[in-house]
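Okay, got some structures for you below.
Presented sequentially are two complexes of subunit A, the first with subunit B as partner and the second with subunit C.
The block that comes next holds the complex of A and B.
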């Protein structure tokens, strides 16, 4: 540029970067139950649409609360063989499986020194009430290793009072490292395929090292295994919010 | 396939079948066909007309209908004849009816005798030399031949099979979907033939079915979903046993 004076132009510092803080945090935290996301396959999407209509219909009548693996729930079901015709079970949610109407969740508790696990179907009409007693996420999405952990980690009081939830925003993550019973376990939890972060492994170092032999580090770079659900999730969230407001 | 619950809380598995562009193509009289009853040719799913020669399009042109992927025959009594060109809908069936479903089974290719016919094979150890899944003996000494129809390895699957006596639980008239009890032969999204059951136990089952078929331009206006009496509908509150 040619200046009018003939002197070199005055140094102008570059403009300072302006940081625009977008309000994405609240939008990301809107919870979508995992059974709504259709699995990857060659089925007609019409089937999932019709299943979702049924699921929304059920949710309008019966409240299914937002819960993750690691929460402590109390479920009351209709039981034809009980004296009151209803049965209340309290337990920690170990895993959530299944898609669509057949979605299930497994609750575990230790009652009178006997470990009990019950698998409930979310949309079964026999379930009368689901209460969330304690809100707590854990480090893993599958707590099946609690079967091989010391029983104190799976015992929960049957008459536990619901812990009041303070904020309507964050669900606390419990970084508890669970101590295990001596080996043999039902599964070799130290192997990298289970990717468990919530166990305090007290195994000798050479065993932990030899377990890494079964690691498959190429899996995370495998492009054929990628299933990007972000767009599908957005559509389903929109559909859900529209239908539930009606 | 989907779960379905009854009012007493029992769960049943259900297959969804979609009625996609079904039209009646031709009426074949009893004398022409040489059978005991008259026949109606019905065509299924619409498909592009460019992959077949013009000679194959004659049936579809007569009925005034795009080319169909599959054409099947139904044996029909004389009072149930339908004009060629009428569309058929899922409302032809009603909940509580019993139905037979025919389809081509999943093709498994060339399979051995253990998978194809359920033979037990031989033990894995104790001295077996290279013999773990073989058929063993194929005939006796006296016969001095192998009988026709002997179960041997070969191509398995990809043949027509029928499941009989399946109950219809629910019908969706808007999307033309039939909810049929249990499993059905064939892979997902395969073509399937649905017919009123011919089992003797379900002969008198149908109470006032739409006869000869459900006509869409008729006076009857059906709700979007037709349910069987025993089904738990999701608009009701949770089941409480008395």
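The block that comes next holds the complex of A and C.
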């Protein structure tokens, strides 16, 4: 540029680069069902590979939607003893357990003032349809405390219509703090071992403090308990994407 | 605001002092009568308890008959749901539910509001009358 007075031109900072991160974000957030990740142990990875093949086979035939703990699901199973041979149950997912083909999830609902929980196996051939009625993550991964909470938090209408999902990317987190029935509870949920954030504890201060006696702050720094699943997850995601495209 | 006071009435699930969660039904388990019979629903200062299980093992699951002690009387009953987790795909209830029955298998009540597992239909011959008065199935 031509300098007007012989002085060097005023410093113009370079334009800020605009980073478009859309594609990489999508790849990172792509959901991998927790039952695909093999548990930490000394078994031959061949066993998990064969199981994954069977799981993918089942998923090709039957669509298992992406869901987390806290979603409200409606499951129709084939039942020889039911009228119309099929049985529909609506409930909130409290827990997802098991790895591989034995992966289970527990649905809870309160029908006619009676709490009912059913543990379904994800890959069971008896399951005919799984619909996600409400998409909602909660603050914890295990909602077993709903058994000791007031029944209004576990009641869901059986004829609920599926809530339409707005964005295809974000799943809303419900920061609901649940009120509990009076103690005794089935487990001492105030203890730090369970690390529950979704309960509104109305216990006196000294009880909350004495519950902290059982905290084990060294556990998060324990190196032998570490299980880094990032590389395993990448491999499994690649496998899945290859198999599902076939 | 203050905690809900647990009332000791017969109709609510919380009885006076509780032992830990009793899983399947055996002798001396407190039980909840689920039909609309007068024996089952009138309040009494003691909850109905199981005295005997008509089973090879003393543990009763869904579909087993038991002997109950209610209001100072002995009555047979049928287990329709318990707190113990059973096989997968079967429902697990939050209370031990029971339906009062005569010796020949006829239910005493006329209606069962609480949900009943479909697995009871397997023994349609024995429990047909109980299944006929049931409203909800799970």
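Quick note on the criterion: the second predicted complex is superposed on the first by the 222 of 246 C-alpha atoms of A that agree within 3 Å, B and C clash if a C-alpha of one lies under 4 Å from a C-alpha of the other, contacts with A are read in each partner's own complex, and residues count from 1 in each chain.
Rule of thumb we're sticking to: a residue touches a chain if its C-beta (ideal position, glycine included) is under 8 Å from a C-beta of that chain, and two chains touch if they have at least 3 such contacts.
Bear in mind that the values here come from a model prediction, so they are computed numbers and not experimental data.
Undergrad: Assess the superposed three-chain arrangement around subunit A: do subunit B and subunit C clash, or do they fit?
TA: Subunit B/subunit C on subunit A - fit side by side.
Undergrad: Using the touch definition from the top, say if A:161 reaches subunit B (first), subunit C (second), both or neither.
TA: In the superposition, A:161 contacts neither subunit B nor subunit C.
Undergrad: After the superposition on A, what does A:225 contact: first (subunit B), second (subunit C), both or neither?
TA: The answer is neither, since A:225 touches no partner chain.
Undergrad: With both complexes overlaid on chain A, does A:206 touch subunit B (first), subunit C (second), both or neither?
TA: After superposing on A, A:206 lies clear of both subunit B and subunit C.
Undergrad: Thinking of the overlay built on chain A, is A:61 touched by subunit B (first), by subunit C (second), by both, or by neither?
TA: The first partner, subunit B, only.
Undergrad: A:235 contacts which: subunit B (first), subunit C (second), both, neither?
TA: The answer is neither, since A:235 touches no partner chain.
Undergrad: Mind working out whether A:10 is in touch with subunit B, subunit C, both or neither, as first, second, both or neither?
TA: Neither: A:10 stays clear of subunit B and subunit C.
Undergrad: Would you check which partner chain A:246 touches, where first means subunit B only, second means subunit C only, and both and neither mean what they say?
TA: In the superposition, A:246 touches no partner, neither subunit B nor subunit C.
Undergrad: Enter the shortest inter-chain Cα distance between subunit B and subunit C once the structures share a common frame, rounded to whole Å.
TA: Comparing every C-alpha of subunit B with every C-alpha of subunit C, the smallest gap is 10 Å.
Undergrad: Please report the subunit A residues shared by its interface with subunit B and its interface with subunit C.
TA: 79, 121, 124, 126
Undergrad: For subunit A, which residues are in contact with subunit C within the complex?
TA: 77, 79, 81-82, 87, 89, 104, 111-121, 124, 126, 147, 181-182, 184, 186, 202
Undergrad: Could you pull out which subunit B residues touch subunit A in their complex?
TA: Touch list, subunit B to subunit A: 2-3, 5, 9, 11, 16, 18, 172, 175, 177, 188-189, 232, 234-242.
Undergrad: Provide the residue numbers of subunit C that touch subunit A in the complex, in ascending order.
TA: 3-6, 18, 21, 81, 85, 88-95, 97, 113-115, 118-122, 136-138
Undergrad: Using the touch definition from the top, list the residues of subunit A that touch subunit B in their complex.
TA: Interface residues on the subunit A side: 41-44, 46-47, 50-51, 54, 57-58, 61-62, 78-80, 85-86, 100-102, 121, 123-128.
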